[in-house]
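Note that chain A is present in both complexes that follow, paired respectively with chain B and with chain C.
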Partner chain A sequence: MLKKLQSGIVKSQVWKSIFRVGIPTDNRKRAMAMLGNVALHLHPIKVKKSGLRMSYTWCMGGTSFFLFLVETITGLLLMFYYRPTVEYAFFDMVDLREVAAFGIMRELHRWGAHAMVITVWLHMFRVFMTGSYKPPREFNWNVGVVLLVLTLLLSFTGYLLPWDQLAIWAITVGSNMARATPLLGAEGPGAALLSIGGTKLIHVGSDARFALIAGRTIGGGTLIRFYVLHCVGIPLVAAWLMAVHFWRVRRDGGISGPM
Partner chain B sequence: MDALKGFINFLAYPQWSFTLSLVGFAAIFWSKRLWSKTGGWLMLMAGTLFFGLSLLDPNFRKIVSKADNVPIVMMVFILGFFVWLSMNKAINNDRRLDSGEPTFEKSEVEDKVFTWPDLVFSEFICMVVLTVVLVVWSIALQAPLEEPANTSVAPNPSKAPWYFLGLQEMLVYFDPWMAGVVLPGLIVVGLMALPYLDTNPKGNGYYTFKERKAEILAFMFGFLVLWTELIVIGTFLRGPNWNFFGPYEFWDFNKIEPLVNVDLSELIWIKLFGYGLPGHWLPREIFGILLLGGYFFALPVLIAKRGIGKSWYEKMGPARYYIGISLMLTMMLLPLKMYCRWMFNLKYFVHIQEFFFNI
Partner chain C sequence: MTDETQDRQPSAAESPQPEAVPAAQAAPVKPAAKRPAKVADEEISRRGFFSWAAVAWVGFSAAMGGCMTAFGRFMYPNVLYEPPTSFKVGIPDDYPAGVVDDRFKESNGVWVINDEGRLYALIAICTHLGCPPAWLEAQNKFKCPCHGSGYYKSGINFEGPTPRPLERARIFVDPSDGQIVVDKAQKYQWELGQWTDPSSFITLA
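Let's turn to the complex of A and B:
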């Protein structure tokens, strides 16, 4: 009975139109399965056994990617509820906890973000320890470094969004550093050099910190700026760079291994 | 018990814990036994025992169980495991290399297997496990939400997000333009330059220690000691007014640490010469400028002249050598400044407030 149902489904036109190859049972089909699916075709058809070992890659690159996907999905769900304005932001957080269905979306998003920072560090550490940044993978290491910076920036911009004391003061401490940027911060070394006829170009209303937080102090302008960067700007750039990163893993000869 | 706690609190103070971690760091490279299975278990048990017993202490419990700090506790253990794993694999491969056998990776690299099912299946398992971990973690631990934002009441201590606490901890020793802009910027630059600076062709695609000791030493020093350890200090051991508190110490808001730090210029002009500070910044700071100038411009040349430095210079060529050594010296400026602070209460090597230029 069940068997019949199963073969009925697997043989139906709908099923066949979606899964073109069926369950791979021979090598040709194994290859076809990898080529025929947009997600799976990120991978080559065959991989080095040495690179497959969990103790070699620690799965940390893939884990970082998976966490990025988790963040995207949970982040999207959060966006349904969350309004990035000074009046609403905090109370939307309270509602997310108390009223929204699946009241753990914030938790998933926040712990996922922390975990992603850690896994990206560990991934970098693994790549270092296997010497996988050496030729021909120098460029992909650099793509990775940018991804690392973007991951930290994603986390940093997200940190402000709950708009509670923890959030705004953490961002205050962080963004105060921008005040001291050499040349471009109002209190940075050399800022005084940038002046025309005695008028300072760099002051608290025009320096790097002002650009970062959209004002002299953290406020509604900062919130919307961080929100847009967090939910749209940085994820787009990061996703594109991840595509480049994965492409380069393949182009550089697949996962690294001894020559 | 209290005496023991007091002793650990005392050892935790940055000057001692940092020194201890330097000793521990050196041990990494002496002892191969540390990286055996037994060594790994012993370290894990010691860590767990320390953590478990410490949980009995209310002050310790309070700080490690703060929702945002839980991931950092996990990170310390996970990182410890992966340092052990990579060193264990490296030492095993080194042993094989010594006896003329191929490395573990080499023995399997020719063997290619189908991605479906081998890789796809382990990825699937990995995702399922991670999902379960995340869901359980999220149910068990609520995301923090404090009082609504209030720009006029600053919490004490105000801390940056945890992954930047190493930078915030650097603020103790450097001004914001160094700790918050120049040094983090150079970390990124240094990481990006790394593949182009490292000309050692060995150790590509397998774990090894003996074939790339200097690289591993430098990287681990930066990552484990200067980055991670400072985060741990900044997260768990810095309380109100960014004062230092041992792991079992109560966060006392009234704790006052005397600020007796002095500049190099004061040490030299006043203490040594008994003269008084010159008015103009140039004569006032000339010694600091000479010192840092010598550190960054003369020292690299001297290092390149003999010993291991000479062999680096010859292998890397002048451009790579000078860029690499400048980055290294910048990194080492941090521990140097830390020790100068602890030993001489040094505030700045160079203090030109006129231009906000203080190092």
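Let's turn to the complex of A and C:
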């Protein structure tokens, strides 16, 4: 009876359309099962023994990815309560901490962000010290550098969202760097070159910083701008580059082992 | 093309059913085999293809460029909900000698100061990294909370990491109503010798 039911399910069109390979019985079928499944295919079919040595890899890349997932999930939950306006942002943040169920969600997001910056740096340090940036992995090193910058930008844009004094003045100080952008910053080198008949094209009301913070000073426009970058823009780019990064790890011969 | 369809038509008409199908199947093959012999007018030439491709690419690039320009321009707001850079702060008699007036710091970001017969407006932005310093009456100085830069009442820096004095704003009396106007769009820097500029202060009688 039970066996009949089982075979009925396994032979059904629904089941077969989802699981193309049956229970794998030999190496080839095991490999096919890995390749045919979207979740499993991310993992290599074979892993080098050296790749499992924690003392060698520190698992900092994997931990960084894990923390990215933690940030994605907790961040998505925070979005259900947080409103990115001058009127509500600070109080919604306090509410998330004080009165929302599982107020730890906000702390997980915050501490996860701190931890991710640390693990990304440690991952970079490990890759450097083991020489894993050398050919054929030099392209992946560059992808990693961009991912590092994106991690720092995620951290920077998230810094403003609590909308307290620390946030506002930290972003004031940080965004002042954009004034020094070459050509496009009002105080940057070459900005004076961009002028028509003595009229400056690049000034405090038209430079890169102005576009970044939507005004001359940090305000409501900056808050919504950083919110969109923090929740949508940067994570999308980072996710795509992570896919490239992991794919290249496999293409370049797997996690680097001792030379 | 036209010759071939004419050739085929009589045969299809003579034997309607059995040969009609093979003739139709053979149709795509026949002209392909004959193509090198005679290039028909409608057929696109190599030159024509590249001309059209060039037009298409130019059009596509222009469209993309237009979109990117629009996206870039979209990021620049047309209306700012910020306090005006030029505003009135009362009449000179409102400012007793030696007083640093804190009233307009929160709303407009300036201190108006009456110091030794001169009235000037200091912009409340730390010249180190852009935080707002605070006026400490008891210690007779401006102190920035971010990194501890300190300035005298005149705006000259004397402690902390800041590299230069605070900046002063343009200040003048509006002759129509006798009110003092502060214009933050025009700044005067001490290190450039601009504080001697008569529009950077008001001489009190």
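Please note the rule applied: the second predicted complex is superposed on the first by the 218 of 259 C-alpha atoms of A that agree within 3 Å, B and C clash if a C-alpha of one lies under 4 Å from a C-alpha of the other, contacts with A are read in each partner's own complex, and residues count from 1 in each chain.
Definition applied: contacts are C-beta pairs under 8 Å (C-beta built on N, C-alpha and C of every residue); 3 or more make two chains touch, one makes a residue touch a chain.
Everything quoted here is computed from the prediction, not taken from an experiment.
Peer 1: Looking at the overlay on chain A, is there a clash between chain B and chain C, or do the two fit?
Peer 2: Pair status: clash.
Peer 1: For A:Arg83 in the superposed arrangement: first (chain B), second (chain C), both or neither?
Peer 2: neither
Peer 1: In the overlay, answer first, second, both or neither for which of chain B and chain C A:Trp169 touches.
Peer 2: both
Peer 1: State whether chain B or chain C is in contact with more residues of chain A in the superposed arrangement.
Peer 2: B
Peer 1: Regarding the shared-chain residue A:Gly219, is it in contact with chain B (first), chain C (second), both, or neither?
Peer 2: After superposition on chain A, A:Gly219 lies in contact with both partners, chain B and chain C.
Peer 1: Is A:Ala211 touching the first partner chain B, the second partner chain C, both, or neither of them?
Peer 2: second
Peer 1: Where does A:Phe156 make contact in the superposed view: on chain B (first), on chain C (second), on both, or on neither?
Peer 2: first
Peer 1: Where does A:Lys16 make contact in the superposed view: on chain B (first), on chain C (second), on both, or on neither?
Peer 2: After superposition on chain A, A:Lys16 lies in contact with neither partner.
Peer 1: Answer with first, second, both or neither: which of chain B and chain C does A:Arg30 touch in the superposed model?
Peer 2: first
Peer 1: Please pick the stretch of chain C from 145-153, 163-171 or 181-189 that overlaps chain B when the two structures are superposed.
Peer 2: Clashes occur only in 145-153.
Peer 1: Which residues of chain A are in contact with chain B in one complex and with chain C in the other?
Peer 2: Chain A residues touching both partners: 169, 172-173, 176, 217, 219.
Peer 1: Report the residues of chain B in contact with chain A in the complex, numbered from low to high.
Peer 2: Contact set of chain B toward chain A: 68, 71, 74-75, 78-79, 82-83, 85-86, 89-90, 102-109, 111-120, 122-123, 126-127, 130-131, 134-135, 137-139, 141-151, 153-155, 158-164, 167-168, 175-177, 179-182, 188, 191-192, 194-196, 198, 200-208, 212, 216, 219, 223, 355-357.
Peer 1: Any idea which chain C residues touch chain A in the complex?
Peer 2: Residue positions touching the partner: 72, 75-77, 80-82, 129-132, 145-146.
Peer 1: Quick check: in the complex, which residue numbers of chain A touch chain B?
Peer 2: Per the stated touch rule, the residues are 24, 27, 30-31, 33-34, 40, 43-56, 58-59, 62-63, 66-67, 70, 86, 90, 93-94, 97, 104, 106-108, 110-112, 114-115, 117-118, 121-122, 124-126, 128-135, 137-138, 141-142, 145, 148-149, 152, 155-156, 159, 162-170, 172-174, 176-182, 185, 187-192, 217-219, 256-259.
Peer 1: Spell out the part of chain A that touches chain C in their complex, as residue ranges.
Peer 2: Within the complex, chain A contacts chain C at residues 169, 172-173, 176, 206, 210-211, 214-217, 219-221.
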